[in-house]
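In what follows, subunit A forms one complex with subunit B and a second complex with subunit C.
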Partner chain A sequence: MLAPASDMPNRVVPVLASLALVLIWWLDFGIVQPNRIVPGTGYGLVEAIGAANSAGLSAGLLALMVMARHRFRARFYGLGALVALLLMWQPILLAEFADRQLPADAAYARTAIGAGFWSLLFLLGLMAIEVLSQLPSPRGHHLILVALVLVVWGVCVAAGRLDSLSLVTEYASRPDQFRQALTHHLALSLSAVLCSLVIAIALAIMMMRRDRWRQPVLATVSFLQTIPSLALFGLLIAPLSALSTAFPFLQTLGIRGIGWAPALLALVAYSLLPIVRNTYVALSEVPDDLVDAGRGMGMSERQLFLKLKLPLAMPIIIEGVRVTTIQAMGLTAVAALIGAGGFGTFIFQGLGQAAMDLVLLGALPTIALALAADGVLTALGQVCRPAGLKANG
Partner chain B sequence: MRVFIRPCVWLLALLFCASFMSVFEALFGWFQPGQTSLIYQRAGFLSLLQNHVLLVLISGSIGTAMAVSAGILVTRGWGRDFLPLASQVASIGQTFPPVAVLALAVPVLGFGEAPTLMALVLYGLLPILRNTLVGLDGIAPAVKEAASGMGMSPTQVLLKVELPLAGRVILAGVRTSVTINIATAAIGSTIGARTLGDPVIAGLVNGNTGYVLQGALLIGLLAITTDSLFEALQRTWSQRLLAAAVAG
Partner chain C sequence: MIELKGVSCRFGSTVAVDAINLTVETGEVCVLVGSSGCGKSTTLRMINRLLPHSAGEISVDGQDIRRIDVRKLRLNMGYAIQGTGLFPHWTVARNVALVPKLLGWSRDRITTRVDELLTLLGLAPETFANKYPEQLSGGQAQRVGVARALAADPNILLMDEPFGALDAITRDNLQNEMLRIQRQVHKTTVFVTHDIDEALRLATRIAVMDQGRILQHDTPENILRSPANAFVENLLGSQDRGLKLSALRRVGDAMSRHPQPCEPDLETDWLSEDDSLRQALSVMLWHEAEQLPVRDAGGAEIGVLSRDQIWTGAT
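Then we have the complex of A and B:
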């Protein structure tokens, strides 16, 4: 990829910042709802957070535009710091909005985030991505920025400053269910990934040993991947319920037509392709001269595999696990339709009751889990690069 | 044209099942002895299939048009500044689960076909954008220089050299996007879009395994038909490129 030279004036940040400036003044910043279902009244920027805060926010965005046009050395650090500060200011602004506009006497009233605020968050996020991609080593800065922003949001929630926020209210009315959904979601998706990791590595080794296995195995796992999730979950219900009727002891294990059993089976089936493909490609692409060198040093076949091939293939295998884990986090949400629990339960319950905050309470953690899995496994992939490969870039 | 035989066979199977599902009534009756309603009746399977295919086609066309033009814009001139951001967004965006995107479209557009279409367009964009960027960026600069050296204008270079060369990669992106969108459109019936997901959801709610199977069977057949069609398209594209290379 051709990156623009970092001493040129940056055009991306000014475009995003001016868009943000237009949208925060044009769209509603916050909404006050009398209760859970009734749509609320929207408040513009000045009504929501007051003239001083509005001016400050606009000044911050203007400063981003000006700074991006200048060509001093450390400007991307400056831009990064300013974007981070603006992101950290957002929960405080939301709290300010609640203080100003939430009626004190209405017990069920709640505040919701308006379209203007969402746009601002989204555009600030894009600016953060742009600025980070211009910094020399994006990973470290990336972590610092995410951690700082999360800490400020966390402190605001923990201190009760955002208690009236609809999302927090939804959580507060079902903390146990939320914890249970989190446990189920993680347990289901991670155990599917672990199962398919074991199966996939076995399949890849089999394909390495006997070439005639290669075509049918790859064809089968990519066929499984094309079947839509809802169809696969549905198709597994009948055989599993037939099984559990025929063998009642399976029911005591919780294996029924609906629930975790069909969900786990389907998730494992979906998870196979990325891992099988990556493991096979990585293992078969270990250079022959390295294998010969290992043999020459007197390594046995077992040692060759464990000490040479596997470590060399590890980064690519982990990349497959990353793709699979992200996919499993999302599909587990769909599995709630067949009663497997997890955050999908909130999504579909919320859709059924037309309670959008409940939908958000399911959808946002699902996205967060996928992003977290992405971050953790990308980092793991970098840590696992063998020393020899690191030197080569 | 022999490559198109397989998709045609799958298509026939799909249309047969959608038109004459009642042929299998005895089968559904056999494993659901107590059930009185065996075949999903609330809507014809053919009309559900049509709606499903339309949703995927419309979102696919809009998504492809948007993604390819965005990909072209950020690989030349003024737009090049946006290239790192576009490729980052395309890869970060794909970590978002499709269900979550679908769910988040509801607060914006309410229930029905519109939010489903929006989610399908937005999510379907990303794989196509990513592959367009990979395809256009992967062309050796020497090839483009040779083309402009032959007197081609930048538009001609784009239309006659870059897009045909990147086409196979872009087509692979469209295939990924359509595969995801067929699955997501099926889940769209939870937010009120009329698709082949309807029988599955209705069956899950009422405990009627027959409905679930009928919907699942048709969704699966639709996915397989589409995938084998793309397989055939990709093959013919490569053959044409090869033929052009041999002829030129």
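Then we have the complex of A and C:
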């Protein structure tokens, strides 16, 4: 028999920690740019944050390596705490870097995060995921850790300690656009998911009633998913502009060849497959003998659906919604290409201007939204799991 | 009373049930028995209209079931199936309350009824009411299934191999419960099984089916004594028909009674009044006894049963 994972020395954390150790010493930790476009000068670890901090950071990573090889029971709590502390320390180190290296007299000068620092953040994130997955009831610890780290970063930003960071300057010069992008992004992706959900339930019911609908419907939604997203966005431009020219009142609704209308249509088309498939599978896998018993005792078809099939299918339907939502959050960024707004706007602007920080200003919130949607819908899936069913059933 | 007249059921070209006639009198237990695929479930499911019949007429208490609103018809028929069909996301209490709730009973009435039924089926309400089906053993789940079928006090019970998936001992217990409950509630019951011993034990009358037809419809005793053809004979097993017949008789009906109940002799082995003659015979064989004392449920000795009495009683 295999020993439980928690009784074996952990191999993942030491590997990640040693990699982080190598990369922070090898790659540039921070960059100072005289202005937005000009490439900046990179600074190594000691230059960037000083000898004491460098030693502290290295010691922290070494401690992770050592602790992970030991077998005492609570070590994952220790590891989790240490990883969290390191993650919380990072904004302070960035501020330290700005204090040391930012020229005081240059108004347009800004700091940027170097490859070494990015690697460190990324590897610490991976370690956090690994450690959390080893802890019992990961959800609670997850939330506490993420919240603590976000609070420290938030405080540093709010206190102006990271004002020179190029990402923050990019944000500071367009807070209204940022807010608008957030609203558009959320509105577009969430309404796409909602529309798909309604359509999916209707299609699933239809497929269950008439078996001969099953093949064509599933084939169609799978086909939609295989069209490259850019092509689909593009394909919708022509018919929609033709429509809105033919029926001017559509224009007053904002339906044109570009903008939210084609984006929404394309997003719905993409979202259909996972939701339709999960909804159909979930509803049709409700055991026949349960339906038979319910029907035989006098439940109406409506009652069978609402009281039996839907509750039993709920966890799998929500799983489909979760996958779809994450996917839609990402695709909405692409939809900016046809003028749908959202965080994609920043990404494509940044790409056009070769301003990587503007790209990040679009990309990071997109990732954050996807992760948040993942968290919320996973939690919802747990809540909606009917009592009496095994957690993994 | 349930009457089937010339009832058939076809699936495409296969004839699952072929022009059968069957009458189930009010209060009797009619057991449909036969090998797999002979059309037992199909017959049962036509009675509550889960399947439409392709020909013939089915009536309940003289009324054609096609004229009765289908939900009304089903709400008046308890339905228990193999594998229980309990809803896994509902507690035991909620499962049992299903039909009363559909009928719109008040909450108090439902609670009282659920407790009453769980107690009737030997499940303590305080322990079991709030459990989920997954937390029950097979036998307990099947009891809940029966309780659910009885919940709204329907006139008719339809049971499709309700004890099919249980081990021999649990099945034996549940058959006893069925007999006990049936003595209390007298439901018109159609019970499907492929186990001839279960049929002999529970039935008022047995309908032996093969290939969609009813070969013989009679009391267990008559079926045992004069099977209609080779198929029925084969189903009964020619070797131990005598024992099966003796299993139909109670010790209490064959023994000689004392004028007055007396103190039992604690040393010797004994029989109880409700044992079957088959059990009595087995005990006598084991103890090589000529006769054994018989006690009633209270433990008092009320008579004796001799070997000769088994012989005369069983034939």
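Operating definition for what follows: the second predicted complex is superposed on the first by the 379 of 393 C-alpha atoms of A that agree within 3 Å, B and C clash if a C-alpha of one lies under 4 Å from a C-alpha of the other, contacts with A are read in each partner's own complex, and residues count from 1 in each chain.
Assume contacts are C-beta pairs under 8 Å (C-beta built on N, C-alpha and C of every residue); 3 or more make two chains touch, one makes a residue touch a chain.
Because the structure is predicted, anything quoted here is derived from the model rather than measured.
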item	value
First (subunit B), second (subunit C), both or neither touched by A:A238	first
Touched partner set for A:G294, first subunit B, second subunit C, both or neither	second
Touching partner for A:S271 - first (subunit B), second (subunit C), both, neither	neither
More subunit A residues in contact [subunit B versus subunit C]	B
Partner chain(s) touched by A:S164 [first = subunit B, second = subunit C, both, neither]	neither
Contacts of A:T345 with subunit B and subunit C, given as first, second, both or neither	neither
A:S54 touches, of subunit B and subunit C: first, second, both or neither?	neither
First, second, both or neither for A:S189, with subunit B first and subunit C second	neither
Which superposed partner A:T279 touches (first subunit B, second subunit C, both, neither)	neither
Subunit B and subunit C footprints on subunit A, overlapping residues	none
Contact footprint of subunit A on subunit C as seen in their complex	45, 48, 50, 71-72, 74-75, 77-79, 81-91, 98-99, 102, 132-134, 148-149, 158
Complex contact set, residues of subunit A against subunit B	1-4, 10-12, 126, 129-130, 133-134, 223, 225-235, 237-238, 241-242, 257-258, 326, 329-331, 333-334, 337-338, 344, 347-348, 350-351, 354, 356, 359-360, 362-364, 366-367, 370-371, 374
Of all residues in subunit A, those that touch subunit C in their complex	289-290, 292-300, 303, 308, 311-312, 386-390
Subunit B - residues contacting subunit A, complex	31, 78, 80-85, 87-89, 92, 95-100, 103-104, 106-107, 111, 137, 179, 182-183, 186-187, 190-191, 197, 200-201, 203-204, 209, 212-213, 215-217, 219-220, 223-224, 227
